[in-house]
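Next, two complexes with subunit A in common: one pairs it with subunit B, the other with subunit C.
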Partner chain A sequence: MEAIGERINGMFKAIGKAIKEQDASVIQDMAKRQEEAGADVLDLNVGPAAEDREAAMRWLVESVQEVSDLPLAIDSTNVDVVRAGLEVCENEAIINSTTGEAEKLNAMMLLAAEHGCSIIGLTIDEEGVPGTAEGRMEVALKLLTAAMEHGIPTDKLYVDAVILPVNALQDTPPRVLEVISQVSMLADPPPKSVIGLSNVSQGAQFRSLLNRTYLVMCLARGLSAAIVDVLDEELMDAMIAAEVLMNRAVYADDFLKAYRK
Partner chain B sequence: MEAIGERINGMFKAIGKAIKEQDASVIQDMAKRQEEAGADVLDLNVGPAAEDREAAMRWLVESVQEVSDLPLAIDSTNVDVVRAGLEVCENEAIINSTTGEAEKLNAMMLLAAEHGCSIIGLTIDEEGVPGTAEGRMEVALKLLTAAMEHGIPTDKLYVDAVILPVNALQDTPPRVLEVISQVSMLADPPPKSVIGLSNVSQGAQFRSLLNRTYLVMCLARGLSAAIVDVLDEELMDAMIAAEVLMNRAVYADDFLKAYRK
Partner chain C sequence: MSFEMPVENWRASITQVTIGATEQDGGTRERAITIGGAATLPFLAFEGETPRPIIAMEVLDEQPEGWPEPLVEAFSDVYGDPAAWAQKCVEEYGADMICLRLVSADPDETNASPDELAEHVKAVLEAVGVPLIIWGCGNYDKDNEMWPIVSQAAAGERVILASAEEDNYKTIAACALADKHVVLNESPLDINIQKQVSILLSDVGVKPENIVLYEVTGGLGYGIEYAFSILERTRLAGLGGDKMLSAPMLSVVGSEAWKVKEARLPEEEAPEWGPQVPRSILWEAATALTFLNAGTDILVMWHPEAVKLVRQATEDLFTSGNGF
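What follows is the complex of A and B.
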């Protein structure tokens, strides 16, 4: 599984402050900590408070790629902010994210094609998040068609089936599992599947338990990637154990250490 | 999920000693502890050391049903030992287990039909454990056919796809997941699926982590029941979280406490 580290996000107080004060050391320290903890990709989100979000994203990308060669997920719903990040990004990049809404979909896919990068697509369209697995799959097909029309290889699309908090909508987690299973059958090579894990436990007790349990469930259904808190050690232990049990990571007696290198 | 408590087994030293010395209080205490910890069924196995295994099984059944109304899994590969247990069993009973080997299959199915009880069938035949998911499904079909021929309702059959230690045969855990998915499509109502969980981690480090991770993976594929150590609190927490996330247990803020009542 690709672990996309979620911790460089202006929503977190210390990161928001560092962005505002252009204190690169805080950002770079968090990049290195996540890489050491097993992140395969680093997500970068300037957060809601940044005044000039395009400048902030450029600065984030430049700061992080000074200390890490990991792929960077340029995380914004705004096309101009994503473009600003991509223009200075020398590491591999992933656009995070588009939706299935026609105008945004076209603009984000154009950017992905131009920069030859991967793109995360949320199963959301003009009507919102479909309530059923079938509805989400319809949007997934729309995302796939758009990728193909823009000449983007099918396996550069990550379908995000939009997990919602289990305490608000308890029928969502099993539906998202269905979508994860089905995404792997959509094309050859198939699109990847991804979830923004922490959302499943928003507002709930036992968040870490819910997060790692749901991540393991998703892996059993074939999940390719997840945006996670890689600094949650129990979460990473569960992920590694699941990778070993899926026969996707080689068994070693100390498989936790072996996986982390 | 039905949690079948594995701890009343003569293989464990204290239990073996209690069976030998006919010390019912040790057995009854373990029955009550497992029931309190969330067991839905209690497995009873006299172990390898008992001299008169039929007498020992009768005594185990009688001792346990004095203190618990839970269904009892009469656990032996020997038809006479199973019969001895069933003859004195007043609680609901499950035969644990038959294989697909013709002679044993017929004898155990006759017993299940006669006593109107459920039966666990291992996907093992005269050739041993099939190496592939397809091979295991062929034996599962043989088990199902035998149940139907004996007039046993299809949902009184539990198919056990025989999990083997991940450190010895790492391709087994994903194959068993495949079988679990497919068993639920075999008939209407479908047979149940079950695993003897602890076997996945036999001889490995981090046994509890491997056990709970694999249990959650199996639940994400539709597992109906598992023979587990219900006294492993982290295992039970993971199971409860998975049941909530599958929308099979109602969400409550303190869902761990709510589930355990």
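What follows is the complex of A and C.
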């Protein structure tokens, strides 16, 4: 599984402050810590605090790629902010994210095609998040069609089935599992599946337990990537064990250590 | 509509490992050989880099007993003298490397002392300019006693020290680190143990660019399908990004192929199988080609005619049909 490290986000207090004060060392330290903890991709989100979000995204990208060669997920719902990040990004990039809403979908896919990068598409359309697995699959198909129309290889699309907090909408987690299973059958090569894991436990108790349990369930359905707190060691251990149990990684007695080498 | 060849894109490529060191790099080899670097499965040149395999010819450090006649014919003029034997392999048969097996170390047989073994190594180093693989006798205690001295005798030459096993890796790893050699990671045809030994070697400081993988396999007809699938799975894991299994692979062909009765028995004892030559030679070559197709990077071989056949077959695979 591709672990997309979620910690460089202006919503976190220390990161928000560092963005505001342009203190690159805090950001770079977090980038390195996540890389050491096993992140395959680093998510970058300037958060709500930044005054000039485009400038802030450019600065984030530049600061992080000074210390890491990992692919960067340029995380914003705003096309201009994403474009600003992509323009200075020398590492591999992933757009995070578009929705199935026509106007945004077209603009973001154009950007992805122009920069030859991957793109995460949320199963949300003009009506919001569909309540059923079938509804989410319809949007997934729309995302896939748009990617193909723009000449983006199908395996550069990540379908995010939008997990919602279990304490509010308890019927969502099983529906998202259904979507994860089905995404892999949409095309050949198949699009990837991704979830923003921490959202499943937003506002709930025993968050870490909920997160890692749900991640393992998703992996059993073939999840390709997840935006996660890679610094949560128990979560990463559960992920590594699940990869071994799914025969996606070769077992060795020190399999946990092997993953982190 | 034009046909587009579907191409598999792998996450990683196989680690490159350099065997042998020239004067410039602190050794005395005439040339070093870099193995590894495969970016896809063997011979699929239209998908990516598929390096040519290297053939090491095996030399024993004392005269073998009970060898089948075809091998005796090929080597009886030199097989009491490892330096002359190595020279013959390089000069007459074009061996890319020499695999020197220190069989005389065996405490149940000749039981040569570490200093005597070091002399054998030095003699072969002086006799040939190609990189070396040095193999212990397999007795843990004796090997651990000799390695510090034998490894030191080849210090700086970047030989492959063979081999580290799950229950016996520390001494050989320490010697490789001290004398700048490469370590052979040996497992009993078990991918999980192979991976574990890589982890253990990494824990004691052996870097990925100093590790070569070796699964103990048999000859053709003796479970080679299983061996093939383990080697292939190892290669697939390496290409898939498993750093502990992304090292190049070595296969021992000669001694395994010639161990089996189909290669060993002369025509008088098995008339239904026809003349021993070319049967035995084909047996070794077919064993080698099987491992090549599974992804092996270094073949350790015996008979010069088998070496020639494998070279020819490899050349054909590289020059015909490339890119379709």
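Methods note: the second predicted complex is superposed on the first by the 261 of 261 C-alpha atoms of A that agree within 3 Å, B and C clash if a C-alpha of one lies under 4 Å from a C-alpha of the other, contacts with A are read in each partner's own complex, and residues count from 1 in each chain.
As a convention for this text, a residue touches a chain if its C-beta (ideal position, glycine included) is under 8 Å from a C-beta of that chain, and two chains touch if they have at least 3 such contacts.
If you're wondering where the values come from, they're calculated on a predicted model, not measured in any experiment.
Student: Spot which of subunit B and subunit C makes contact with more residues of subunit A, would you?
Tutor: The partner with more contacted residues on subunit A is B.
Student: Just checking: does A:Tyr251 make contact with subunit B only, subunit C only, both, or neither of them? Give me first, second, both or neither.
Tutor: Touch status of A:Tyr251: both partners.
Student: With the two complexes superposed on chain A, say which partner A:Pro174 touches: subunit B (first), subunit C (second), both, or neither.
Tutor: It touches subunit B, and subunit C stays clear.
Student: In the overlay, answer first, second, both or neither for which of subunit B and subunit C A:Val216 touches.
Tutor: First partner only, subunit B.
Student: Kindly classify A:Lys261 by the partners it touches after superposition: subunit B alone (first), subunit C alone (second), both, or neither?
Tutor: A:Lys261 contacts subunit C only, not subunit B.
Student: Once the structures are superposed on A, label A:Ala238 by its partner contacts, choosing first (subunit B), second (subunit C), both or neither.
Tutor: first
Student: For A:Ala107, is the partner it touches subunit B (first), subunit C (second), both, or none of the two (neither)?
Tutor: neither
Student: Show me the subunit A residues, by the header's touch rule, that subunit B contacts in one structure and subunit C contacts in the other.
Tutor: Of subunit A, residues 250-251, 253-254 contact subunit B in one complex and subunit C in the other.
Student: Which part of subunit C faces subunit A closely enough to touch in the complex?
Tutor: 191-193, 195-196, 198-200, 202-203, 233, 237, 242-245
Student: Which stretch or stretches of subunit B touch subunit A in the complex?
Tutor: By the definition above, subunit B touches subunit A via 166-167, 170-171, 173-174, 177, 200, 204-206, 209-210, 213-214, 216-221, 237-238, 241-242, 244-247, 250-251, 253-256.
Student: Can you list the residues on subunit A that touch subunit C in the complex?
Tutor: Against subunit C, subunit A makes touches at 249-254, 257-258, 261.
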